[in-house]
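The same subunit A turns up in both complexes below, where it pairs with subunit B and then with subunit C.
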Partner chain A sequence: MSLVEKLLSSARKHRSLAIALLLGPPLTYLTIYFFAPFIITVLYSVGLIGGRGTLTGNISIKFYRQALRWVYIKVFYNSLILAALATVGCLLLAYPVAYFIAMKAPKKWRNPLVVSVIIPYWVDFLLRTYALMNIFAMLGIMFRYDAVVIGMIYDYLPFMILPLYASLEKIDRSLLEASYTLGASPWKTFIHVTLSLSKPGIAAGTILVFVPAIGEFIVPTMIGGVSVTTIGTLTWDLFLKFHDWWRGAAVSVMYIAVVLAALAIYMRKVGELEI
Partner chain B sequence: MRDRILAFFSALVYAFLYIPIIIVIVFSFNSSKMLGQFTGFSLKWYDVLLGDRVVWNAFYNSLNIALVTTLVSLFLGTLAAYGVIRLDVGGKSAVDGLLYIPIIIPEIAESLSLLLFYKFAGYQLGWLTVLLGHIAFDISFVYVIIKARLAGFNRSIEEASLTLGANEVQTFVKITLPLSMPGITAAALIAFTLSFDDFIKTAFTTGPGFQTLPLVIWSQSARGGVGPEINALTSIIIAFSMILAYIYTKLASERS
Partner chain C sequence: MSSDMVVLKNVVKRFGNIVASNGINMNVRRNEFFSILGPSGSGKTTLLRIIAGLERPDKGRVIINEDDVTNIPPYKRSIGMVFQNLALFPHMTVYNNIAYGLRLRNLTEDEIGFKVKESLRLMRMSPEVFANRKPSHLSGGQKQRVAIARALVTQPAVLLLDEPLGALDLKIRQHMMLELKRIQRTVGTTFIYVTHDQGEALVMSDRIAIMHEGKIEQVGSPREVYEKPRTKFVANFIGEANFFEGVMREGFVETNFGKIKVKEEIPASRKVIVSLRPERIRIGNAAVGSENMFKVKIIDLIYRGDTLIVIASLEGIEIKISVPAIHPEVMRLERDKDTWIGWNSGDEAGIFELED
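Then we have the complex of A and B:
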């Protein structure tokens, strides 16, 4: 009996040991390289960690007071609006496409059509944005707000199409036939059956687009230039340009709070979420 | 008629997705350096690419980080998925919630907290710090995909195998692993792509001298123009991905 088999046979007898062996390594890893860093960030944001990584021993809220100044609040507001525009844009473009792939396209075309949505995203994010910049420059809309919105829609579109497709494809076709048989018009059937059954997909897509879009850094910087400031560009500047760890940490903690609050409100409204 | 409009609209969206990519490919064969004016067909940027040490080095670093990240996060994420489905209801939702957090937290917030952590703990920034950050991000994605696959199949198949006298190892190798293979393949693809493409986290956690491909592209575009040899490299990567995608869909359709 090998060592592995011995371990497994004793693990079978002790279910909790098996679970500990399985969950121990990933949870330990995430504790060290994901959760501990956030605690460190909170410590920085309240001034408990000083210049050379030394503990200062006193807590202050001055970095939060600085981060709550009007300029910063405006940046937060702008980021939320931009993310909301990108999300709505993605939804409007993605829904018909997902609907077409799931409901109308011939069955053997479905898989290739889904894969074709993903292929452009194997090109580096920065290069895609760079290619867009060149198109926008030819059209003469560089550095404009609408160009930034289009750029963000472009970069997040698959994250909306894929979950929508997944939920539309699951819909039982006999429900649609039942609706027709009972005399509902195609439009009514769409609203009451298809749309309402695809809500989990809409919810998942909205979160997959909206949350990362709030902190978007690359598109506003490359396409918007200095004209568009988001939480992403603000954090980047505070950290990598000004090395202001403390104010940056405070902004970041507030940012996470905003994201979690938005998610909580959204989940309460939409209900159970399926990603 | 309505279906026609739908098909036409979908075609337009696909065009929107592909036009920038096509531009990158077309201009990798351009004879001049300008993106925007096609002056004639030439392979010279592919030649320049062959001799560009900076780009090759960055490409090698990206590939290296992405491969190691994929292997480690595949291992840890799969362990997590197998563990969570064995938990009872209460423990399941708690651990599941913990494992979802890295997906929900915005990348830039996660990246800067990693940087602060590395500074505080005295890590030397470079290959290792980039790698550790990428793995932390990828575990959760692997976990979610594999868990979804495991939730979809019937545990009684495993139980039948155990009842018929196979041991845990045999059951795992002969039953559980083959059944979760499509999930593992999908997870590996996503983990690799996320890592290979990552810019924000790498920018925050790298040290002097360690550059990945996105960092090179960023510094070139910040200086006013991405070299056409990067277009050439991207075209090669696209061609390669297309072949893989073709094989993948072929295999997937044969299996179903």
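Then we have the complex of A and C:
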């Protein structure tokens, strides 16, 4: 028996051990950096943790009641609209780019072009936003809502281009040719075949942009200043300006609930497409 | 009305240094099952794509149903096409796949439904069972039928088929060959069928064009191209053949193992190749009395069920002989033994002049 065979057979014998060893590190990591902070946040939001981290032993929903005030709901609404605008903007800009790279560019140019989409994003997010601030200042559109939308589109564009490219690139060219031979013009072929078959890419890109865009903090803060308030800036203010961790925690939990609900509805819609 | 449905006039197509179509002239008649047969790389698929309008010829004209369509895009040509990978739309049901071409033609949904069901029945598929299935839930043979139905339902002037049976296993392929022939007879549409499989071409076609390196070597009925191949390539590609090299003399060919009497007239002293089908060669006692008789040594016997293939050596040249397995001589044939082979002048499939 070779060493590899020995290892394989012992791995088969100790299957549960192997699974534990494989899952152990990521689970530990997630527990410390994700689950624990999340549970602490929930504990704060229901008032189980009091001042200076002491346990109160009383559950209360008063922070949620405070978080449901009209000003906060409006912030939620603003964030969703802003995220939706950024998502639609990304989709409209990304589709032609992904389409060109996947369908029109010569094969040997596809990978270099995809890389060229990503390269600007190797520069730090913050630095890029500073660069944008300079450009917007020159154009005289700083602190405007449209500038925030443009900034968010800029920051999230590759998250839309890449999944779109992946789904477009997979489309079998003979399907387009079949459509032509059945009498469909290039435009009708695009609508009925290409666009339909790229729906998984549209769905993935939309989620990848929309979800982080709802919680966006840096762009609204730096480019929007005080004129644009989002869930991200609100949470920041509650925690760090007003040191109201309880209300901040309640807003955060509600934000997660809203995103999960939106995702669930969206995924069900996407699931109905069944490609 | 011209009797030709598709006419290619001096069609030339190059891909870089490769000449895929080297001055092709071809006439496909109305209601004909026409096959383009050739090895891979012979340019047969390119030719089909030029007829479809998916490739543009560098030179020459393409005429479909008396209209010059050389500069007309595929979606304005009266064609249907069945692709090698079938190219069924994976996101659409069988019904919507077949209805696709009809919807582009402004028919009412009632008319579309009627035609889709009718075409499924022509393919011997139950509309109730299959209409709402996705292509991923169909077997290979069923996908085949849907692809053909989709291409035929718009009643094109010509149906182009690009090796559609390639992916099927032998039994289904044999069945689909007969089905295609039946469908073609039923609808009467002109079929142009591209294949590298001589069996498919011989079984289904009214006429076959044999392609080689961007050129058409011969066009004819299956019987013509098999029995009277015009070039050595055709003789070799269609069926099997033995080739003997020699020099033409008066009424016979002089080879390095003896004289072969032949019927064909070729000017004397030319270098020629005689081709002879394995089933035309008699063996053992049956060979006695033939005009051409040679002693050979049996190298191998291959039992094929219906026939026995004898591999024999004639002065070092390997010869294939095919004998019906029930032939009385079969029992006497043994490996490493000597026997006689023979044939008469006129049995040869052809004599081809060698170019110097």
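To be clear about the criterion, the second predicted complex is superposed on the first by the 262 of 275 C-alpha atoms of A that agree within 3 Å, B and C clash if a C-alpha of one lies under 4 Å from a C-alpha of the other, contacts with A are read in each partner's own complex, and residues count from 1 in each chain.
What we mean here is this: a residue touches a chain if its C-beta (ideal position, glycine included) is under 8 Å from a C-beta of that chain, and two chains touch if they have at least 3 such contacts.
Values in this document were obtained by computation on a predicted structure and should not be read as measured data.
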| item | value |
| --- | --- |
| Fit or clash between subunit C and subunit B when superposed on subunit A | fit |
| Partner chain(s) touched by A:239 [first = subunit B, second = subunit C, both, neither] | first |
| Which superposed partner A:112 touches (first subunit B, second subunit C, both, neither) | first |
| Of subunit B and subunit C, the chain that contacts the larger number of subunit A residues | B |
| Which of subunit B and subunit C A:23 touches, first, second, both or neither | first |
| Partner chain(s) touched by A:92 [first = subunit B, second = subunit C, both, neither] | neither |
| Touched partner set for A:181, first subunit B, second subunit C, both or neither | second |
| Touching partner for A:4 - first (subunit B), second (subunit C), both, neither | first |
| C-alpha centroid angle, subunit C to subunit B via subunit A, nearest 10° | 90 |
| Lowest inter-chain C-alpha distance for subunit C and subunit B in the superposed arrangement, angstrom | 15 |
| Contact residues common to both interfaces of subunit A (with subunit B and with subunit C) | 275 |
| Complex contact set, residues of subunit B against subunit A | 2-3, 6-7, 9-10, 13-14, 16-21, 23-24, 35-36, 76-77, 79-80, 82-84, 86-87, 95, 98-110, 112-117, 119-120, 122, 132-133, 135-136, 139-140, 143-144, 167-169, 193, 197, 199-200, 203-204, 213-214, 217-218, 221, 226, 230-231, 234, 237-238, 241-242, 245, 248-249, 252-253 |
| Subunit A-touching residues of subunit C, taken from the complex the two chains share | 52-54, 73-77, 79-81, 83-85, 87-91, 100-101, 104-105, 150-151, 154, 160 |
| Interfacial residue positions of subunit A with respect to subunit C in the complex | 172, 174-175, 177-185, 188, 192-193, 196-197, 199, 273, 275 |
| Touch list for subunit A against partner subunit B, complex | 4-5, 8-9, 11-12, 15, 18-19, 22-23, 25-27, 29-30, 33-34, 36-38, 40-41, 44, 49, 53, 93-94, 96-97, 99-101, 104, 108, 111-112, 115-128, 130-132, 134-135, 137-138, 154, 157, 186, 207, 211-212, 214-215, 217-218, 222, 231-232, 235-236, 239-240, 245, 248-249, 252, 255-256, 259-260, 263, 275 |
